[in-house]
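Below you will find the structure I want to go over with you.
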Amino acid sequence: MAQMPHRFTYRVRFRECDPMGIVFHSHYLDWFEYARTEALRDFGLPYKVIQDGGVTLPVVDLAIKYHKSAQYDDLVTIETTPSLSQSNLRLTCSYRVLRSSDQQLLVTGHVTLCFLQEGRSRPVPAPLFLQKALNEG
Amino acid sequence: MAQMPHRFTYRVRFRECDPMGIVFHSHYLDWFEYARTEALRDFGLPYKVIQDGGVTLPVVDLAIKYHKSAQYDDLVTIETTPSLSQSNLRLTCSYRVLRSSDQQLLVTGHVTLCFLQEGRSRPVPAPLFLQKALNEG
Amino acid sequence: MAQMPHRFTYRVRFRECDPMGIVFHSHYLDWFEYARTEALRDFGLPYKVIQDGGVTLPVVDLAIKYHKSAQYDDLVTIETTPSLSQSNLRLTCSYRVLRSSDQQLLVTGHVTLCFLQEGRSRPVPAPLFLQKALNEG
Amino acid sequence: MAQMPHRFTYRVRFRECDPMGIVFHSHYLDWFEYARTEALRDFGLPYKVIQDGGVTLPVVDLAIKYHKSAQYDDLVTIETTPSLSQSNLRLTCSYRVLRSSDQQLLVTGHVTLCFLQEGRSRPVPAPLFLQKALNEG
């Protein structure tokens, strides 16, 4: 069982910084994707394996609050806490982004995804492996 | 006085689409930026002019709900409804993204920004021009 | 017959500018894609139609020279001159990016693509429509 | 003295893949930037330190050849070989991108940058530290 929250360390890139000298706000969503992918991998269920099984995970909704700015070349830690809705139809990942050097909280947010199975028109429950990993944690 | 909501038409680009064949979710935030910029321009206050006056508008918080997917080469309409908080310290833009061909609602959301003045550590009120345009609309 | 070179006007976005205050160099490739798409559309052969016919156009090689910097909110004109190799196996688009206000040349470059047909392992010749439009122009 | 070529390992992200299921071609330039940054750091001269000294490195020209496609979740190795022009006015980084699992060559290319000093209108020579690291290697 993976430890919670999952932690992913990332280096801020020049291309992500804007003329204000800070990370442009949309890139935090990219980092959320990287962290989510690595969290699922650590749970033993790489997103690529889910996808190869004909299941895709489109985003349903998301929200972000910006507290402090990340800057060029900062190391940041993205903490991911995944959980399933009671129906197992939705996966919500809650996020905290911290500057690694001093643990300053930069950003909080969440992304909620659902599970689509190829050939079916309506969302399906999370793969059993993920239900086990998350509900019996 | 600009008409509300402001409407901005955009063509979905190949680089914005993912292996699911749909627009990757973070790009809607990019479109929100394009639409916000054009809405401010139509209010007679281009963001570049605000910025040249030493004021920057960092994002404070945002949220998005995804209803239907935009796909490659779709024309989409981004509707922007800007409003100031009672204190004039925050600008919230509410968004609706529609597929232009059939007016199908794809995405709703908002982005809230504050006003920072060069050399001051705390947020300042919106430029008067913007207060006039938005509060007396 | 579309006029050559094809011209596409674009507004530089804040998200494309870096802490040097100029457009980050990779985004010119994005603009090349937008301009190429619109050039093909004006030739009567939208890329989406090519793609729906099971043909994809992966990039084979490219090169860019940067002469002057584009900056935030600049209007730029992307000139595209498409041509087919003698074998019709490759499409090369030559580009010039100009600042629209004063026609200052900012960037020159090219992108070469080939044609892949679903179910075939080797590149195929350009669709006839494109051969006609480009070779008899 | 850092070993040449410098090697940087990277995981392909979902947001970088397009509807053909492969990495969109412009993202290799992003990887080149990541690899270049880490190569300079390993030479003892982080780009952020160069930049804090008032020197920026705009891109002058670049070229890329695409041999095979990188795909979602691939691990890739980016090999960077930096060298200075005889005048020390230009830094050229030559790149090879390999799929890490089987060393399949995917992409080759180069990016050439110059050195701009705040307050000067013409390019300046590379910082001495970099001249030493690269010319006496």
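Here the chain labels run A, B, C and D in written order, and each chain numbers its own residues starting at 1.
The rule is short, and it goes like this: a contact is a pair of C-beta atoms (placed from the backbone, for glycine too) under 8 Å apart; a residue touches a chain by one contact, two chains touch by 3 or more.
Bear in mind that the values here come from a model prediction, so they are computed numbers and not experimental data.
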{"item": "Each chain counted as touching chain A and chain D at once", "value": "B, C"}
{"item": "Which of A-B and B-C has more C-beta pairs touching across its chains", "value": "A-B"}
{"item": "Chain at maximum distance from chain C, centres defined as averaged CA atoms", "value": "A"}
{"item": "Between chain C and chain A, distance of the C-alpha-averaged centres to the nearest whole Å", "value": "34"}
{"item": "Cα-centroid distance, chain A relative to chain B, in whole angstrom", "value": "24"}
{"item": "Centre distance in Å when chain B and chain C are each reduced to the mean of their C-alpha atoms", "value": "28"}
{"item": "Of all residues in chain D, the ones touching two or more other chains", "value": "14-15, 19, 26, 30, 33, 51, 72"}
{"item": "Chain B contact footprint on chain C (complex, rising order)", "value": "11, 13-15, 30, 33-34, 37, 46-48, 51, 72-73"}
{"item": "List of chain C residues in touch with chain D within their complex", "value": "19-20, 22, 25-27, 29-30, 33, 51, 56, 58-66, 69"}
{"item": "Residue ranges of chain D touching chain B (in the complex, touch as defined)", "value": "14-15, 17-19, 21, 24, 26, 72"}
